Amino acid sequence: MRRLVSGIVGLAALLAGCATTNQDNSSRLNLIKNRNELICGVSGKIPGFSFMKSDGSYQGLDVDICKAFAAAIIGDSEKIQYRPLTAAERFTAIKTGEIDLLSRNTTFTLSRDSSGGNGLTFAPVVFHDGQGLMVKKESKISSLKDLSNKSICVGSGTTTEQNINDAFESASLPYTPIKYQDLNQVVAGYLQGRCSAMTSDRSQLAAARSGFKNPKGHIILEDVLSKEPLAPASDGQDQKLADAMRWVVFSLISAEEQGITKSNIDEKVRIAKNNPQLKPLRRFLGIDGGLGEKIGLSNDFVVKVISSTGNYGEIYERHLGQNSEVPIPRGQNELYNNGGVHISPPFN
Amino acid sequence: MKINQKIFLQFGICVIFFGLIGILINNLTINLTRTGLGFNFSWLFKPASFALAEHPLPYTSSDSYAWALFIGWLNSLKVIASSLILATFLGTLIGFTRAGKNSLLGLISAGYITIIRQTPLLLQLMFWYFVGFLGLKDNIFNISNQGIEFSGLIFSSEFLALLLGLSIFTSAYIAEVIRGGILSVPRGQWEAFRSLGLSERKGLISIILPQALPAIIPGLTSQYLNLAKNSTLAIAVGYSDIYAINDTIINQTGRAIECFIILLVSFLLLNLLITNTMEFINRLILKSRKYS
Amino acid sequence: MFKININSIIFIFKNLKKTFFSNLFNTIITLLIILFISAACFNTFAWLMFKANWKVVLSNLPLYAFGSFPPNEQWRPATWIITLLILSIFTLCGPEWKWLRKNLLKAWVGTIPLGIYLLYGGFGLSPIMSRHWGGLTLTILLTVCSSLLSLPFGILLALCRQSSLPLIQKLSSIYIDVMRAIPLIAVLFFGQLLIPLFLPLGIEIDRVWRAVFAFTLFVSAYIAEDIRGGLQSIPNTQVEAANSLGLNQYQVIQFILIPQALRIALPALTNQSIGLFQNTSLMAILGLVELLGVGRSILANPEFIGQYIEVYVWLACVYWIVCTIMAVLARHLEQRMTINKANF
Amino acid sequence: MEPIVIAKNLTKSFTKGLRALDNVSLTVNQGKVLVVMGPSGSGKSTLIRTFNGLETFDKGELNVLGIKVDSTHDERKIQKIRRRVGMVFQQFNLFPHLSILENITLAPVQVQKRRQIEAEEYGMYLLSQMGVDSHAKKYPSQLSGGEQQRVAIARALALKPELLLFDEPTSALDPERIKEVLDAMRRLAEQGMTMIVVTHEIGFAKDVSDQVLFMDSGKVIETSPPNIFFSNAKNERSRKFLNQLDNHYSES
């Protein structure tokens, strides 16, 4: 009997050994190109960032970032498969290769970025946010202290949950967290009066408030519980994909800085081609320098990106601008030379 | 010859089976090393750093993940135990009215059963919570959308919605089990107690029900097990049961495999608890029948 | 189920009268119940007609039905659903039993490849990726595929559990018992998030099929137990009779045991598939945009924030109608079967 | 005269030490009808069930249609025997999920690999022989017991067997149905079918059988031609048994 068991174990081990896949340094970048499709993890439930329209398509800032990546990597901003993900499953989805990258209101933090933590790598921040609290005007709550012993509606499995805990704990205020699975449940809980306040990123609070019947009846408290720089992320082991993502985001910012827009990109390319002196512009648009190849993309990736999504300012204006459904003042999301914090390193 | 063949067949199947498992585990280890997570349980003793709305035992966010999971398990147990009692009560009541003579009540309970059985539990839970409990605007008899305060004890509306949703859903199934049990008692028994002059109610309780119990208990057990499993839908109404806490922890630590194993073990334990209790009850019933 | 003819109404009224007049207590109870029910009905009606805002349902009907399937290709899932409906009607008022068994069964099995072809496209239709599948279409696809896949699995497991080989018997018992002990959502979680961890790099299974796989793993354990019950209630004399005719072990299983076990287990099996249909709603928690998932997605649209009561009521109605159709079909099938009821 | 069944010293004991078969030896020649009688629990059923391998035995030898079987119970040999030996059961044991015709054609098509049409033709012929051909499309539960038993005989005949075993074929039937089954069996005997019949029907045994074998407690007590057995049984126990049977039938 023992011989039988050891034989089985041995055989199983042998079979397992045969099945070991060759661990070369192949990047997901090639996989995406071969597949001719980008699998992009989004939330699908956050107005302004990613939500489903009545025709079933996704729309929002996060979605446009996905499109920019698809344009850069594949050359076609429509070749995307969107995966709506819950907050809880998003990192597992990246680690298991279920999605190529994540563009889903994800806060850039040390433990998520590090190999000892969640093992991701973040692209540059696409939206600077901060966690806030929204309360009803009639409740006369004006600061964190007024929320002592009150219930607060939180989305589960997010940094918001941790931040609110840290904030109340450091102020030694007791509170009751009511945890829901996604934002519209948090909104429902808050509107129905289950909680005295709801907490989320301030952008999401604003977005949610814009959909309320009486937006003026709700105020977002001045207390900012945390910095929430939201950034796309990919698997930390995949340096090539991370590089590509990083510079696609920078290209959006840099294009706004240089005044290159969706409508004038062709014009700019023509000008750059005819003027050998415009060295920085020629490098940026991939006419000189071969920058794109260095990060595994085509040299003219910037042209593809801008002509399909426009620059960062255009994307912002489309989904979060004054005339959009979810108006959020640009504030610190302006460029560095305009009072904000977005800046792109040089394309050299 | 025959026996050898059998051993050979089993050996072959073993090789294939364990080989497959070997391949899968091998893939898992490769994938886990790739993600840099590895496989261990030492994180269980790090501080959880999230708060819980409901904790039957003292809990703060600086307690360990293990303690948080245990609290979750207790929360599950709490809602399972209480809805088990409520569901049995409701189910028996509806089962009786369904098998009883009052046709109006019978019609109502039949309607109740079709509505409850033909819509998904998840939807029902969300309905009870978001529409039912959160819809309560005023504070009547200490009932508000914050929950119910009952002589110092506070039951949150999440707990109550889950309790109510699970109980109502399970009661429709229990009612059918009870009805089946009652119908399994020979018609002659009804005639017998009626001819003795016993009232319908008394006859049902003292003559029919005891005889129906052996047919009812197994069905009841499986409904209880279903209830326990369905309690994991707590996540949809914001109640911190074992699954919801596992979910939060997976999100914070990324330890999906470990958490899944913990979930498996906790449910195997729950199952053992329920089946053994029911078996004990079953044996008690059988014993009492022998003496009588 | 709701066949009410004049006679039965008269009967009900007579009965009502009897309970109504039998004593004061009953009278009060009856009155209270009637009062309560009519109040509830009136309130519901008033809400349905005047208070509710049905725009959230009406303007999103294609979304509920087909998810984000491209509008000009929506005839494809529509064709499939209509085919299923027509088949249901045929089965309900079907002709002779024998013809029914020979051809309708094939037709039902044939709806799966038809559905997959219509959804995926290819061979003359433009290909559509599974990310576009959603709504009722996806719900039905999940139900139909999982139930038809889990049937053979369940039969195999049941046979293994009855096997005379101790090892196989143990393995399948462990599988069945463990599967029946854990909650469905855990299995679906496994399917969505853990299966990729067990696959080598570069091999991916579509998330819809992973859901189907997880449902199959789960449901087949339950089906196995139902079939086992059926197998156990087949008297041993049937096997003896078959043996005496020279049928070998496999022929006995194929021609005698499985057909009879399936007939006995039929009510349990149809209940499983109705349960499965309802349980596909759990995929909404795990991020698939099936019927409930569509509802949740729509609620995130700034235009419809906070209108969840309408959405829930609407979804409950859809689920209820489909489940009732399934239940009626199932009962019809069972009645057809009882004509040839086993005489043991 | 070729022997179809030769049993030598068959012995089978149950776990409690009781003997179901105790040193049973017998020979049945081609074209002969052997009737086995005995009180219930005497091992008659066990005996004929060993002939097509439904029961095993511990000691002894068995030769059916030239195929030798011993206590190892070789599955392949038993399969060969079963293809050439038909059996009719007390409870008919028709397959309830198959129509009458399907019941009959199943084995010829699946075991003997005959063509469906051919099997159906022959099946219809057998059914008409048994007088139940009008029920071919019906299901077993729609037939009376006697009809079912005649179908069961037709089913056993469908494999064109060289030996037919009957295990109390009439004891589950109403008295008025017994005759139609016995008549069918009589006709088979006239056509020269070799048969081993466990039955309590004295009339049938007297008229049709060539030999009567009397068993008690697993032992063969007596083997005699019917005229001798019924008029002048050698053994005390046989006589007692016959007396009881007579009483029973005169009462009923």
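For clarity, chains are labelled A, B, C and D in written order, and residue numbers in each chain start from 1.
Here, a residue touches a chain if its C-beta (ideal position, glycine included) is under 8 Å from a C-beta of that chain, and two chains touch if they have at least 3 such contacts.
Not measured: the values here are computed from a predicted model.
Looking at chain B and chain C, the chains that touch each of them are A. Across the two interfaces under comparison, A-B and C-D, the one joined by more C-beta contacts turns out to be A-B. Ranking every chain by how far its Cα centroid lies from the centroid of chain D, the top place goes to A. A summary of chain positions shows that the Cα centroid lying nearest the centre of all protein Cα atoms is that of chain C. Rounded to a whole number, the gap between the C-alpha centres of chain A and chain B is 38 angstrom.
Distance between chain centres (mean CA atoms), chain B to chain D: 55 Å. Chain C and chain D, compared by their mean Cα positions, are separated by 48 Å. Rounded to whole angstrom units, the spacing between the C-alpha centres of chain A and chain D is 81.
Contacts with at least two other chains are made by residues 193-194, 196-197, 200-201, 285, 308 of chain C. For chain B, residues touching at least two other chains, in rising order: 14, 27, 30-31, 34, 130, 235-236, 256. In chain A, the residues that touch at least two other chains are 19, 21, 23, 89, 92, 95-96, 181, 188.
Looking at which chains touch one another, you get A-B, A-C, B-C, C-D.
Interface residues of chain C facing chain D in the complex, by the touch rule stated above, are 237-238, 240-248, 251, 255-256, 259-260, 263, 339-344. Listed in rising order, the residues of chain B touching chain C in the complex are 6, 9-10, 13-14, 17, 24, 27-28, 30-32, 34, 101-105, 107-108, 114-115, 117-124, 126-127, 130-131, 225, 228-233, 235-236, 243, 256-257, 260, 263-264, 267-268, 271. Of all the residues in chain B, the ones that touch chain A in their complex are 11, 14-15, 18-19, 21-23, 25-27, 30-31, 34-37, 49-53, 61, 130, 134-135, 137, 145-146, 157-158, 235-236, 238, 240, 244, 247-248, 250-252, 254, 256. By the touch criterion given at the top, residues 59-60, 62-63, 66-69, 71, 129, 131-132, 134, 192-194, 196-197, 200-202, 204, 207, 285-287, 289, 293-294, 296-306, 308 of chain C touch chain A in their complex. Taken together, the chain D residues at the contact with chain C in this complex read 52-54, 79, 82-83, 85-87, 89, 91, 93-97, 106-107, 110-111, 139-141, 155-156, 159, 165.
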